[in-house]
Structures are given as C-alpha cells and as structure tokens.
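Taking it in order: structure first as structure tokens, then the write-up.
Note that the chains take the letters A, B, C, D, E and F in the order they are written out, and that residue 1 is the start of every chain.
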Amino acid sequence: MATRSPATVRLVDEASAPARVAAVFQDIKTTKAIDFVPNFWRVLATQPDQLERVWSHLKALMHPEACGRPSRLDPLTREIIALAVSATNGCAYCVNSHTAAVRKLGLDVEALGEVLAIVSLFNSTNTLADGYQVEPDVLPPQE
Amino acid sequence: MATRSPATVRLVDEASAPARVAAVFQDIKTTKAIDFVPNFWRVLATQPDQLERVWSHLKALMHPEACGRPSRLDPLTREIIALAVSATNGCAYCVNSHTAAVRKLGLDVEALGEVLAIVSLFNSTNTLADGYQVEPDVLPPQE
Amino acid sequence: MATRSPATVRLVDEASAPARVAAVFQDIKTTKAIDFVPNFWRVLATQPDQLERVWSHLKALMHPEACGRPSRLDPLTREIIALAVSATNGCAYCVNSHTAAVRKLGLDVEALGEVLAIVSLFNSTNTLADGYQVEPDVLPPQE
Amino acid sequence: MATRSPATVRLVDEASAPARVAAVFQDIKTTKAIDFVPNFWRVLATQPDQLERVWSHLKALMHPEACGRPSRLDPLTREIIALAVSATNGCAYCVNSHTAAVRKLGLDVEALGEVLAIVSLFNSTNTLADGYQVEPDVLPPQE
Amino acid sequence: MATRSPATVRLVDEASAPARVAAVFQDIKTTKAIDFVPNFWRVLATQPDQLERVWSHLKALMHPEACGRPSRLDPLTREIIALAVSATNGCAYCVNSHTAAVRKLGLDVEALGEVLAIVSLFNSTNTLADGYQVEPDVLPPQE
Amino acid sequence: MATRSPATVRLVDEASAPARVAAVFQDIKTTKAIDFVPNFWRVLATQPDQLERVWSHLKALMHPEACGRPSRLDPLTREIIALAVSATNGCAYCVNSHTAAVRKLGLDVEALGEVLAIVSLFNSTNTLADGYQVEPDVLPPQE
C-alpha cells in the first residue's frame, strides 16, 4: 500500500500569509464560522488574484446573506447542489468538504443516502438518454 | 446547417404498446400528472425489463409519496439535484426535461439562473481542487 | 426549433482527396467493408498526419485480424466497449456510429437495451462509490 | 506524503448489521461467491432502502442467472463493460473492484491491457468527434 | 431527422435589454471587438447578477490587457486552453465558439488538428492512468 | 486514515524488462531527458504492444523535434494542454506528471495559478452553456 501524494503546490500558512491573503483567510473563517483555513483556500493563495476572485465568487453565491443579497435557495439546498456536482465529477476533496457541510447543516446519514441515491439515479438516466440519443420532448414554450 | 439525428431506436408508440409497457406508460402519466409519455420512456420501452426497472427506481426516489415512502427532501430540491447532475454531464435531453420540471414546480428564470450559477461554480472549484490535487482537510470524525 | 451546426471544419471529399488521404480512405472502406467514408475520417483528413495516426491506431485495436495480430476479444465485445465509453461520455457522433456497428454485428434492440442498462448501472454505482469516497477493498495480491 | 481519507460515512459491520441489512449482505456473498462484504455495500448499508434497491438492480443485471432471467451477454463481457465505464469515469474504487472481477473471470494481464487500450482509444476518438463537432453519418434506418 | 431544440430560456435581445444588461453587452462587444452579442451572454442576461459576475470573471482572465493586468500567457494559448477544456467536456456551444476564436487568432486547420490531436491523446492517457490506477511518481519536492 | 491502493497490475522493473520493453524504456528516458522510467510506462509495459503504440503516439505529438516533424506549438503550450485536460478529467497521476512538466519548462507557481484559473473558468462556462442548452452562434463560414 502506498500513500497519496500531496498537493502540487506548497500550501500557504496562515501565520506567514501576506496581508492581502491574510485578509481573505480571515473573511473565509468569519463568513463560514470555522476556526481554520481549509486546504483549498491555502492552495489558491499561491496566486492571490485567484484566491480573491474565487472567494468573492463563492461568497456571493454561497453566502449571499453576508453580501446583503437575496437568495431563492436555502443554505442546505445550495450545499446539496455542491455535493451533487462533486459526486458526479468524482472530486475527492470536494466530496469530503461538501459532505461535511451538509452534515453540519443538519443532514443525517440516512438523508445523505437519499441525496446520493438521487444523484446516482440521474447519472444513470443521463447515460441512458445519451446512450440512446433521445431527442428532447416538444413542450409548449414558456417565458 | 444540418439537422440532429433521431434516437438510435424507434420509439414505442402509446397506441401500439404491449400491455406490460402500456401499464408503465399509464403509471408514468398518472404519477407525473402529464398527458403524454416522454420520449425517454418510449425509448426504454424497447426493452420492457429495463422500462420497468428504471421507472420503479425513479418512482421510488422522485415520487416517494406515490409509493407511501417518507422523504427528507421536497420535490423541488429533488428536481434541482436532477438538473445539477444533468448540466454537469451536459445531457441535452435531461437538461431540457429537468428544466421543464423545476419551472413547473415554481422556479422562475431568475432562480433557475441562481441554480445554474451554483452548479457552474462547483464545476469550477472541482477543477481547481483536482487541478492542484488538494488533500482533504483533516476534520473531527462524525457518526 | 433551430438546426444543429455542422462540423467546425470542412469535410474532405473522397473525390478530391490528395493521394495520401485517398489511400487511407480506401483502407477504411476495405477494412470495415463499407462503401462510404464516415464523416469522422473525412474531418480528420484535414490534417493528414492525424488521419494516418488515428486510423492505424484504431485499425490495430479494432481490426487486429486485418493486421495479422491475435486478439483476446471478439469483434462484438470490442464494439460494445466502444459503445459503453461513448454513452458514458455522451458523444453523439460516437453513440450513433457504435450503435450502428453493434447492430450490424448482430445485437438486436433487446440486447442493445441490456448493454445500455449495464452501462447506466455502472455510471450510477461509480457515482455512489465516488460520492461516498469508498476505499478500495483490501484484496490478496495477484500477478 | 499524506494518506487518503476514509469514506465519508462509517461502514456498517457484518457482525452488528440489523436483520434487513444482514439478509442483503448474505445474498451478496452467496450470489458473488465471496467470503466478505465489499466496502461499497457496507457504505450503502447506512441507508438500508438504498442498499436493497442498488443490490436488487445490480443482481438483476449482473447475476441474471441467479434471478432466473436470460441474458444475451456472458459474465465476462458484463464485467468488461463495468471496467470500461469505471476507467472512463476514473472511479478508483470501481476500477479496483472490476479489475479484480475480470481477473477472476480469467482475463490475464495481457488481455486486460487490450481492454484498457480499447477503452482509452475510444475516449480519444470521442474527444475528436466532439472537438470537431462531427455530425452523425446518414445511415439507412433500421428497426 | 428532427431539429435541435433551442435554449431553455428566451434570449435577451440587445434592443430591449435593461440598462444594466446593455452596459455589459456593450463592454463584451468592445472588449472582444465583435459586432454582435453571442448567444451565451444573451442567455446569462436572464439573470443580470450572473451576467455581470461571469463576464467580469472571464474578462479578467481572458482579456487581462483590457483590465490593466499582466498575464503570463498569450491570447492564443488562453483560447487553446478554452478549446481543450471544451473538447474534453464535449460542450457543443463552447467548441464552436472557441474554435472560431483560435481561428481568428491565426490557427489554421492543420494547427487546429494538432491541438485536437494533443487534447485527444491526453484524454486517452488519462483513461489509461485511471484505468490502471497508476500511482504518482515520487519526485523531488519543489517550491 | 487509510492508504491509497497501488496500481492494479505489477509495475515492470527496468532491470528485468524484456529487450523489446527495455528499448522503449531507454527511448523514453533519452527523449524526455529523465533518469527514471515513470510509473505510467512501467504499467503499460505489462502489455508490450500497448507500450509501443502509446509511446510512439505520444512521442510523435509531444516530442515532434525528436521525430523530425515540424510543430506549430511550442513545448510549453503542449504541456499546458496536457495539464488542462488532466485537471478537467481529475486524473491524479496525470495532474502530478504534467504539473511537474510545466514547472520544468519554466512555469512558476503564479503562472500555474493562471493556467488553472483559466481551465476552471471554462469548466464553469461549459456547464452554463450546457445547462442552458445554448445554441451555437451563426457565424460566417470559414475554410
């Protein structure tokens, strides 16, 4: 048995982060109410422009209340979407991270199972629709 | 400009479906409260075993109330998951079908935009996490 | 309703193909026992190096008998693999092409349904394994 | 070097499984003729409905003889499809599991190489067909 | 033969766009030096927040000179990355759009063939690496 | 925490490789100017036909100068394409390998961040284009 290799860049430490990066790190911890900076953000910090861009984008969509923006979706639904996408793509980091998030928002193991069952169902039906090249149904137009 | 080719098998017509297939077609229309059989099911009907298996699987997960089963997710959340998966996979039939479904359940064009924005955000962060090979955060264990 | 756009490059015509391309076109028709050059090869012919490379690669693997090479898989199994990959990727051209190939090799509509059912099943279980981040089972080593 | 994180839920032990789960576990071991319950099923057991649904679906398609159903495909071809899908999706658990299965069914290392070569060939041609947006060939219609 | 269905939302017309949307449309045309608004942006305009967010993100990365930012990559390399991703994902709109962009930047049909050959090669080797579960090489660490 | 499982086949050692395999191994080391044989090639060597086929294909496209062939792309652009594909597919081995290659060719951590930012941007816009089923723009035809 061998071990998994680490990230392809050296993670930026909170302690030694330049001011610009430290400000984003602090905002991430405050907005997400967590007491550490996840590895994802420590990796992006190797390119500070990217860190700022991705964080502001994610903050706007996933923490709209912190941005004073209205949202039509509740926080759990938003995290369920994140998990559905991550499971479909098979992204290990993302599945771990968003599973932790939905659990923290109250989804228990049984309900997590229901979510993943639905995600896997549609990966299956997508394959059938593509595998048969089914044409879209002709539906009445809508706005 | 050329035209899109049709499905790779001939769709089964409602009118001429054998009894076993007709029964599933009827259940689909009743359960989904629609007055036509979507092309997806007409294609699966070319192999009746498969039609029954996929429909009973989808009915159990997407129409649990019709099966007398409890669900932890509301119908709109379930369809949003279906759309998130279908957009991530780029399945044309499925995107059309699940967009129609979320619209019917009350999601307007603005809210659809919010859903797809979140879906696309996580396809983007998945790529970054995989592209840097970020290791999962070490979190406290949970049941 | 709008129409599908054509390929992003102009297809090379058999009639006006340069000698090097014409030779590959002829080999494709002979090896596959067909009387036209599929669009895929007419597109690749816009870069003759690529046409030769892809065709020789595909010929070696899919028509080993024409290359005097042994194969452990029969022609239908090889085409079934091609269809499984194409359905999983949702590649429209490829699904059409490999469905035609498996049909020509004797797979009827029912058996095609069985193949696609299995393909979709494993797209579903793949999602579950990734969605739960299941660790590989520890199995006894093998050569 | 860091280590791979474990599954996102605690695996259900055979010894302490509730009766409903234990019955499925036993059926898996009997049907597959193995003496342990693979991690995949131990994870699904966290939601017993899902365990039953996925197992009955997989049993019907992959062990049709145990269900008294006819199949048009032999067991090795079915497992080769599973491996082709899993390699295309890059699912680590699934590749490990289905490689073990095809090996057990007699595929040696050389033949495994032929299977994966064909799987990779079609991932390559799929990319070319999509990358050039090749239109499907116009073929004579078939039933 | 049937026709491709249109987008799932009604495209926003330049003529009737609200001021906020019209400003982005104008910036797109100016920055990209084109005289029409591509369908992609007309669709995103159904949710103006999203239009602004995606455009500012894309402008920053793909038109850094217009933002007064330095870039380490030339415009053609950036568009080649866009095409490589789009071909890998099989996104029809995106392949069409980025093929047009690389052509406009001077890539002829032969060189386009070289790009797509490399894209397809690595989709093939990715499948082999995942299909065999090859472990990363142990390399000397680097900053 | 558990460990990552090894490759599904035993890697071929340089020391004990048969002559045919050893010749390819030597060519890989010479052409790439490295002093070890990467795991990828040691795995493919379990099926020598495949090793030769994949290596000659990769050598022709990625080391054209060693084959006396002209190329329109410089070595760094070619490796950037490889990384873009690998990050999009989430292939762990490939991301590690091609990140090492672009670093060796001079891309520093900041520029790597720019590449991955662009790769992730287009995974995001691909999802939006597919998620809305945007139709290709009608453009003037080109050769």
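In the analysis below, a residue touches a chain if its C-beta (ideal position, glycine included) is under 8 Å from a C-beta of that chain, and two chains touch if they have at least 3 such contacts.
In this text the structure is predicted, and so the values were computed from the model without any measurement.
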(message) Need the most distant chain from subunit A, centre defined as the mean of C-alpha atoms.
(response) C
(request) Count the C-beta pairs in contact for A-E and for A-F, then report the pair with the higher count. (result) A-F
(request) Could you tell me which chain lies farthest from subunit E when each chain's centre is the average position of its Cα atoms? (result) D
(message) Between subunit B and subunit E, what distance separates the C-alpha centroids? Give it in angstrom.
(response) 27
(message) What's the distance between the Cα centroids of subunit C and subunit F, rounded to whole Å?
(response) 22
(request) Can you tell me which residues of subunit B touch two or more of the remaining chains? (result) 2-6, 8-9, 44, 49, 53, 57, 86, 88-92, 95-96, 109-110, 114, 116-117, 119, 121, 123-126, 128, 130, 132-133, 135-136, 143
(message) So in the complex, the part of subunit E that touches subunit A is made up of which residues?
(response) 2, 5, 10, 49, 53, 57, 60, 69, 135-136, 138, 143
(request) Name, in rising order, each residue of subunit A that touches subunit B in their complex. (result) 4-9, 36, 38-40, 43-44, 54, 57-58, 61-62, 71-73, 77-78, 80-82, 84-86, 88-89, 91-94, 96-98, 100, 103, 107, 109-111, 114-115, 117-119, 121-126, 128-130, 132-137, 139, 142-143
(message) Please output the residues of subunit A touching subunit D within their complex, sorted ascending.
(response) 3-6, 90, 92, 95-96, 99, 109-110, 112-114, 116-117
(request) Would you pull the subunit B residues touching subunit F in the complex into a rising list? (result) 83, 86-88, 90, 92, 95-96, 116-117, 119-121, 123-128, 130-133
(request) Would you tell me which residues of subunit C are touching subunit E in their complex? (result) 1-5, 8-9, 44, 46-47, 49-50, 53, 89-91
